[in-house]
Amino acid sequence: MTNFQYVLELLGTFFFAISGALAIQDHHDDLFGAGFTGFVTAIGGGTLRDIMLGSYPLVWIGDINFLYSIFAGVLTAYFFYTVLVRLKRTFLFFDTLGISFFTILGVEKALSLGVNPEIAAIMGMFTAIMGGVIRDVLTNETPVLFRKEIYATACLSGAVLYLILHAIDVGRDINLVISIVVIFVFRLMAVKYKLALPNFRKPISK
Amino acid sequence: MTNFQYVLELLGTFFFAISGALAIQDHHDDLFGAGFTGFVTAIGGGTLRDIMLGSYPLVWIGDINFLYSIFAGVLTAYFFYTVLVRLKRTFLFFDTLGISFFTILGVEKALSLGVNPEIAAIMGMFTAIMGGVIRDVLTNETPVLFRKEIYATACLSGAVLYLILHAIDVGRDINLVISIVVIFVFRLMAVKYKLALPNFRKPISK
Amino acid sequence: MTNFQYVLELLGTFFFAISGALAIQDHHDDLFGAGFTGFVTAIGGGTLRDIMLGSYPLVWIGDINFLYSIFAGVLTAYFFYTVLVRLKRTFLFFDTLGISFFTILGVEKALSLGVNPEIAAIMGMFTAIMGGVIRDVLTNETPVLFRKEIYATACLSGAVLYLILHAIDVGRDINLVISIVVIFVFRLMAVKYKLALPNFRKPISK
């Protein structure tokens, strides 16, 4: 399992780097800007998690292969730009795969460092979404988090599911697969059927 | 005193979470977004302080009660939304109480970790304001810090006052009360009388 | 060399604080806001680097002289405002000197903590630019990083050059001078001749 998981981590990093590089939208973009957003998207969530948990060295600092995955992702985005922006559906697929896997990976890492399950759920969600949030803040976009779609909520739900199954002693491998699939399907369904959470603000009666 | 202080910390967290949840202003808000801004507002300042000082575990990671306070605050904001937005004056009261207490708490924590008084003053101010600053950055608002009112300045002044009284051996409890009251009154007076610092930019003579 | 380097660090901090304070552009600025942006610009890059590398205490927390340099920089910006904004060319000079030196300083610090050269190059660039990036995010500017000029790219190039010369055993002092001069000249040439990297997005053929 461990080798398989390591490959998935590198692949997830690669896909996040592609997604980040493609997020360069305005006309002042250049190769460096795209590389930077790719980098930030790929490492932001895990970096914030590890800094909050005081877990050193950061994953991408301790293992240079993550940097190579990002480099490969940005170059892929550059050379296959026209293909990739046309394949929006393909891209949603990879991005959703990325957040699904990183959520559960983040939960497991937090648990392994001995925190409460509630904290682990938050850390799982952070691992998946904060790279994109930091990218959006840097490029002056409204963070993906505040857009009218189920995104972080799917991650948080999957993290809570993993923790419940973990608490009732479901085996790790089965739990991993179930939780990842649930996040993946929940997010895709939400996009397809335009599911959304209820508004926070209620109309104020006069 | 310690139990009293702990209750105040949890209450301050609760009020900051309410304030953060209510900050969701645009039309794309939902329950998750409000929860997230509430969370960030409540933990942002203390988290940044502790990461800068290398003090682990972070307060809300080491003690789950802070998370429950935030949860309670967000739910309170949700269920009493119409009441709370009408009670703007009440709200200013709680927010000001929050920054007053968190400033001095932050100063004391920094001092206990052995930093210089100047650094402790900055850390106190950061504890009080950086949660709101991070929230404003995430929601694309101009950070509260740069608005034309005395806000961070009141915190910094109170922090410096605490450190001066500390240096001349005023007892901790008395010092705590004096400094908190000074921040509180300074801030409320500033809002009431529209006090402001001098502009930085001067008109350039032609 | 060490004393000379220390003086340069304090001077670089001083110039970055001036540059940050002058970045207050909108009409809601005040002395506190300018002080805050000066502070963030001066310490942001090194702080992010040290937090990512887990290197404590942060430079400006461990040595109070850095805070005094920032204070002096902000006051200088305040009292000589009209002169400084007129001397735009002078200012580019100091800012460029700042990023040149901080890049190499960041590379050396990262190497001394035992990271890979690739990571050290990134950390060098971060040391130089992230203070300005954080400042731009806080003031709702498009980060300097994404503007159409060679800026971060010059830092990264200089960092890579330093690491290559380091690998082929060029002496430290000579390497330091060469790399700093290369960043400095590259950046100034880029501004003068409006050099830019190729766009990331390519026109999509219909």
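The letters A, B and C name the chains in turn, as written, and every chain counts its residues from 1.
Basically, contacts are C-beta pairs under 8 Å (C-beta built on N, C-alpha and C of every residue); 3 or more make two chains touch, one makes a residue touch a chain.
This one's a predicted model, so the numbers in the text were calculated from it and none came from an experiment.
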Numbering shared by both copies at the chain C-chain A contact, with half separating same from different: different
Superposing rotation of chain A relative to chain B, computed on C-alpha atoms, to nearest 5°: 120
Whole-Å gap separating chain A and chain C, where each centre is the average of the chain's CA atoms: 30
Contacts with two or more other chains, residues of chain A listed in rising order: 51, 137, 140
Footprint of chain C on chain B - complex, ascending: 51-54, 115-116, 118-119, 122, 133, 137, 140, 142-143, 145-148, 152-153, 156, 196-202, 204-205
Contact set on chain B toward chain A in their complex: 21, 24, 26, 28-34, 36, 47, 51, 56-58, 60-61, 64, 67, 78, 81-82, 85-86, 137-140
